[in-house]
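Worksheet: one structure, shown below.
As written, the chain order gives the labels A, B, C, D, E and F, with residue 1 at the start of each chain.
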Amino acid sequence: MPEAPERITRLLPLIYEGIVRRSLEEDLGRAGDITTDAIATPGALASGSIVARAPGRIAGLDVALSAFRQLDPAISFEIRLEDGSDAVAGQALALLEGQARPILSAERTALNFLGRLCGIATSTRDVVAVVAPYGTKVVCTRKTTPGLRAIEKYAVRAGGGSNHRFGLDDAVLIKDNHRVLAGSLSEAVRRVRGCVGHMVKIEAEVDTIAQLEEALGLGVDAVLLDNMSLEDLARGVRMARGRAITEASGGITPETAAAVAATGVDLLSIGWLTHSAPSLDVSLDLSL
Amino acid sequence: MPEAPERITRLLPLIYEGIVRRSLEEDLGRAGDITTDAIATPGALASGSIVARAPGRIAGLDVALSAFRQLDPAISFEIRLEDGSDAVAGQALALLEGQARPILSAERTALNFLGRLCGIATSTRDVVAVVAPYGTKVVCTRKTTPGLRAIEKYAVRAGGGSNHRFGLDDAVLIKDNHRVLAGSLSEAVRRVRGCVGHMVKIEAEVDTIAQLEEALGLGVDAVLLDNMSLEDLARGVRMARGRAITEASGGITPETAAAVAATGVDLLSIGWLTHSAPSLDVSLDLSL
Amino acid sequence: MPEAPERITRLLPLIYEGIVRRSLEEDLGRAGDITTDAIATPGALASGSIVARAPGRIAGLDVALSAFRQLDPAISFEIRLEDGSDAVAGQALALLEGQARPILSAERTALNFLGRLCGIATSTRDVVAVVAPYGTKVVCTRKTTPGLRAIEKYAVRAGGGSNHRFGLDDAVLIKDNHRVLAGSLSEAVRRVRGCVGHMVKIEAEVDTIAQLEEALGLGVDAVLLDNMSLEDLARGVRMARGRAITEASGGITPETAAAVAATGVDLLSIGWLTHSAPSLDVSLDLSL
Amino acid sequence: MPEAPERITRLLPLIYEGIVRRSLEEDLGRAGDITTDAIATPGALASGSIVARAPGRIAGLDVALSAFRQLDPAISFEIRLEDGSDAVAGQALALLEGQARPILSAERTALNFLGRLCGIATSTRDVVAVVAPYGTKVVCTRKTTPGLRAIEKYAVRAGGGSNHRFGLDDAVLIKDNHRVLAGSLSEAVRRVRGCVGHMVKIEAEVDTIAQLEEALGLGVDAVLLDNMSLEDLARGVRMARGRAITEASGGITPETAAAVAATGVDLLSIGWLTHSAPSLDVSLDLSL
Amino acid sequence: MPEAPERITRLLPLIYEGIVRRSLEEDLGRAGDITTDAIATPGALASGSIVARAPGRIAGLDVALSAFRQLDPAISFEIRLEDGSDAVAGQALALLEGQARPILSAERTALNFLGRLCGIATSTRDVVAVVAPYGTKVVCTRKTTPGLRAIEKYAVRAGGGSNHRFGLDDAVLIKDNHRVLAGSLSEAVRRVRGCVGHMVKIEAEVDTIAQLEEALGLGVDAVLLDNMSLEDLARGVRMARGRAITEASGGITPETAAAVAATGVDLLSIGWLTHSAPSLDVSLDLSL
Amino acid sequence: MPEAPERITRLLPLIYEGIVRRSLEEDLGRAGDITTDAIATPGALASGSIVARAPGRIAGLDVALSAFRQLDPAISFEIRLEDGSDAVAGQALALLEGQARPILSAERTALNFLGRLCGIATSTRDVVAVVAPYGTKVVCTRKTTPGLRAIEKYAVRAGGGSNHRFGLDDAVLIKDNHRVLAGSLSEAVRRVRGCVGHMVKIEAEVDTIAQLEEALGLGVDAVLLDNMSLEDLARGVRMARGRAITEASGGITPETAAAVAATGVDLLSIGWLTHSAPSLDVSLDLSL
């Protein structure tokens, strides 16, 4: 199993409090938790632990605990395994204690966040482990769940991966359609350089060695080698060495990742980390 | 392949416009699509089609098209395959035409919604096909993506599945923890009946035949048979016949679904339809 | 005076904090409480009590106190009479103490909520008392104040009443127009059963004994006997016994409620509890 | 019956669109109108009229129609009786035509607004008629429904009444508590004049003739004569003539309004117009 | 230098918390402060002071500190110079202490608010000092920064100025276009008096002595003498004495303010206080 | 006067519609434009032009026109001078025509946006003209108006300037405090490289030639030469040539800009463009 990444900086609550609140409202609806409200007596207390039922990389504990905290600030927590660590099956990730009613009412919302984020971190960790021997990095894409981009990109970091653009506004990626619109890649790059600031990097997507040659000649910061054969990829990587960061994309799976990494490419770009990684099975075990 | 469900009622835009807008804002950030803004000339037009790259059940076209519409109300659309239909690989789902710039800027947001919803519909369709011969229904759970519950439950319907509770407030589900809090299932049911209105159904989760016996004696509307062996399940279904709706849950997979359905249970409750179904590969093919 | 209901579960703050905040913003506008801001010195303290000026059933104290708390979390409270209890004229419901300025600035917003919710609870209590001897329940409708449905339905419970649907999405009610659209009640019920999940109850509105007969034959969960004569109502109730819950609606007033209840109907549905109940006179008596 | 007011300026949609949208979301919840969605076929059309079932003053048609428009901009409307006019029982206020589904789904939200606003306008109209012979105006207070102040104050105008402050920030009203905080009314007025701008009017609440004398000496713009006997009121009005606007408040009912107006006071301030006026019975009669 | 105004009442947090939060979100974006997050270790502490780098009138400390508080409620503060006081260059306005990370991440947002509000207060103070010998007041206009009106008007008060209307709804100002629409000023005033409540003041803009004469004859509360020569202004002020508040407007600068004030006009209305006042240079000096 | 920049891409409405709507709500308050509502008759029409009263660079016309459009979608517009062009005094920027009432009610909000954005664009244009002979670019900072960053950065582009970071999350800027926290610049850079993605540029602030040497040795993308003497700046620029982008900051004014540019530095970073540029005088001239 790969080591945990050096350090995962915890997200500022401002980044996730809004989406957690909206998710609580989505689950509680107009009338709230009618089952628990009918059954729990006002004084009833609960203590318990959030447990990983399957082994995996942990991500999103703060986000999950925020669900409990937003229903009742008096619930107390003890984190047992920091984000970015690996849990074995059955391991407790956090303990919590407080009124039974808000704990039960926030449970599903908290676990929905945690399972998804641990799932992404675990899938990322696994593919990172495969390509680590080659010194290759794994990056995610903009194919994230609508509304959850910031926390899903955080989960990728917790899995040992790295982040590509957070949106359309923080870096330039010139794709096929942009090249067509401009008439040529060189014209596209010229237009971009006339518009964006000096702190913005430029990457060009290329499908062929010829396109790569043009892109390197234009001095772009990075090249996205899309759907290339392993041979072309290896050749492209050699061409780009010292001239641009190289990134491979296009249907890379855990099975093919090692072969792609062996071409020497700097980065593997993998969309399914965020759009199709299965959730990790996590649960809340309570003593009432 | 199973037939498409009788009729999928389109969602009112009010249900999804807000989350689509927030997702556009999430992707466009503060500065917008800096690549396209630099490259596309004001008059540049585009036409193209949204295409399924893999075979699957379609769900969420209106949601996806709303992303384009919210950036530019002048983009025109033609839907070629209604939600609830099955696409073959390469099939066009919708055509669109308009200014190139908003089309390119909304593309990823639109596809992120569509891929996820088609993925859920497709996974649902596949398991529905497996259990259809037994007359069993497939239902989803509250293990949905935070913020997307309404549209994910819609995707389950498009896949031929049925919906369990939409939240904590529209039906009662008495789980283990509730039973413990109340002291007994009968006390839990008594408390619930003292609180909730006459239009609210009550379901009780039971783990054993003894618990099932108690639940049936209390006249609940439905029983959730959780993690039971196939033998117990079959026995429980016979006991409950004519007295309560029966629902099986607990780690049901496409592989085990047929065996569970063969017990005669009314419903299979499957969480992974919404928390772990892989996205369907969809793309936007443009002519510029 | 009827007894207080068994137990009123307090609302989660998440349910009402948003509407209370919007109401404070509505009253404070852009410039805030210009009278109090000009007059109150920074150190000025106040203590006082929220008082019922007229006798009534209490509901909404937490909602009202939230207005003070949102302006100044340091204000302290002591609740003297729980929601669901009956106050005599002049009785103190809660004591509060803190800075004079936020207390004065939140006063009207707090009282606007409290007066309305106590008014609903009081009207509900009074009609509940009238029909209690017959074992009949009183239920409210969707004719609630826009924006306040969750807390008004709570006030009905505090008054000893029960809640009908919270919205269009948590239960099915087939009305005249739906029957016309479907062609017949049986077709309407068939369509509904093909669409909604297993945890959703179905009620049919019927205007005549013939329609009731049809509805009962279809196995709906409840029937809404709308604007029937007392004779037809009594006859309908007998027909429905053991087959469906019966609910009477249509212009029921405190004066006519007993006669309607005497027909043996299970529930009286009364819209004016939420759309026309007069506020209870409540005030804040301060010592400065 | 009094004449309709000279002209009721229609509210800008910006004022009410937000609260109407929130109310639609409140009623539609997560799943939407499950009854209508199951039953209405896509092409089904409806036309119909919004009808007053009881006689009353009309207010809020634009607000109500906005509910339909927000669900489906293609619904067409024809207003038959402008806000500020009087309807007889059974009179059509507006005609509408469009898809059956959004019309049925918006019906209750639209009527909830309309019934409440017409109710306020009608109650206002009736008390205005009582005091009109005395040249007295009727004004509402800040005892409005949380979230609905702007539209309820509009309904008062439609009823022929006038508006007092819209919030705590648009005029100064020095009440008892403010006087106590400042030590004296003159000190309170001094502090206010040191703080507020030149476009802000100042009113002082007075309980006794002595207080009135002090207030008039301070040159306030208006005096609120609170809970005074008719004798004191008449005396106070004579004292204030030409020096300040006079406003009577405190438990004024339709029965006592004429006697209070006969004292010559300029304005009657009546809280129940907005907090306790019963809704007008309005309905939507459809042809499907 | 003029004395600080008698007392500046601190704004309720409800007035500014929302805009501060939106501004933090604007600066932190999706990914947060990536520089500080990478560099600051979890335990790193910081203490420091907010310092005025140039002399000026202080306004907005609470607003600025709210930025830190919203990122981390555990940061502690000590205010050293209250709003409404004058700082010399280099003077500490507030001390703060806490985790280094949230302090660094909130710094720019906090200073952006503080610099702007102190800039407005300082410019206001300076022009107030110029006209104070004439007993003239300085008022701001509605030419404020979009979204910041309430706090910019507060800064004007902290600078010793006074506030004109906060919006279009709290007082009447009849401008040229309104006069044209009505046909005459007298008709405009008549229409206004038929619509607005008794607590609303009426001001008329006049460009000529003849218009002023008409306005005074109509008994308006205030007259806005727009772009008049000093001679006409002086003549107008004499005409209006005892009949209406006089306000001069139109390109008044610090250089011309004394001459305008010398005409005896009651108020100078100066738009550039809020739309063009330069920021005060403020900084955060930290010890790490 | 410098030429207009090559092409200013218009902002997507999604970027500014929210802040324009909030500003309209800020100005209209609860009651709306009470002056215009009282005076304008329903059918009254208006046509007119938005005019620059002083010469300047135009920016923000779409933003300003959105204010009118949001009050009344039926108002028609004709833009006469595109953003990024220079207006002479008195020149019409746009014509508009429609109902008088919404035009008058949106006027101030529209002009508040336009005046501010044109002011920024004009100040930027003027300093760009000064440094253009040296091939130096002008960039803005994060010292923008809270809530308006995206549109103010757009105005800088319209003035011929370029944009630095849009927030804390789209590029790394290592300042003094970060260096202190890390212990050294090299450690700070190491930590950053371990955290951020490959599309993020890194800039280091340096105060001395020694620090610059260290930064260049670390291979950062850009160096911010802060408050250096002209001599040190010139020396630093020579050292950095071909190794990093150079940016000068610290109290640069229009007067000193040429001398700083003459050092050969690539960029001048100027905060006052957004925090202290005076508004351009713009007005709406109407025919009613």
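Observations, loosely collected:
Basically, a residue touches a chain if its C-beta (ideal position, glycine included) is under 8 Å from a C-beta of that chain, and two chains touch if they have at least 3 such contacts.
Because the structure is predicted, anything quoted here is derived from the model rather than measured.
Looking at the partners of subunit A and subunit E together, the chains they share are B, C, D, F. Chains that touch both subunit B and subunit F: A, C, D, E. Greatest centre-to-centre distance from subunit A is found for D, with centres as Cα means. Between A-D and D-E, more C-beta contact pairs join the chains of D-E.
Homomeric contact subunit A/subunit C is classed as different-residue, with under half of its interface positions used by both copies.
Chain centre most remote from that of subunit B: E (centre = mean of CA atoms). In whole angstrom, the spacing between the mean C-alpha positions of subunit E and subunit F is 22. Per-chain Cα centroids separate subunit B from subunit C by 33 Å.
Separating the CA-averaged centres of subunit B and subunit E is a span of 52 Å. One simple way to say how far apart two chains are is to compare their mean CA positions; for subunit B and subunit D this gives 44 Å. Of all residues in subunit B, those touching 2 or more other chains are 9, 26, 28-33, 37-38, 105, 149, 163, 166-167, 169-170, 194-196, 200, listed in ascending order.
Contact residues on subunit E toward subunit A in their complex (touch as defined above): 21, 24-25, 28-33, 37-38, 42, 70-71, 102, 105. Residue ranges on subunit E touching subunit D, taken from their complex, read 6-7, 9, 137, 139, 157, 162-166, 169-171, 194-201, 203, 221-222, 245, 247, 266-267. Residue ranges of subunit E in contact with subunit C, taken from their complex: 9-12, 14-15, 149-150, 153, 163, 166-167, 170. Across the interface of their complex, subunit E is touched by residues 26, 29-30 of subunit B. Touching subunit A in their complex are the following residues of subunit B: 19-20, 22-23, 26-41, 44, 46, 100, 104-105, 108-109, 111-113, 115-116, 119, 142-149, 166-170, 172-175, 177-178, 180-182, 188, 191-192, 194-196, 200, 272, 275-276, 278-279, 286, 288.
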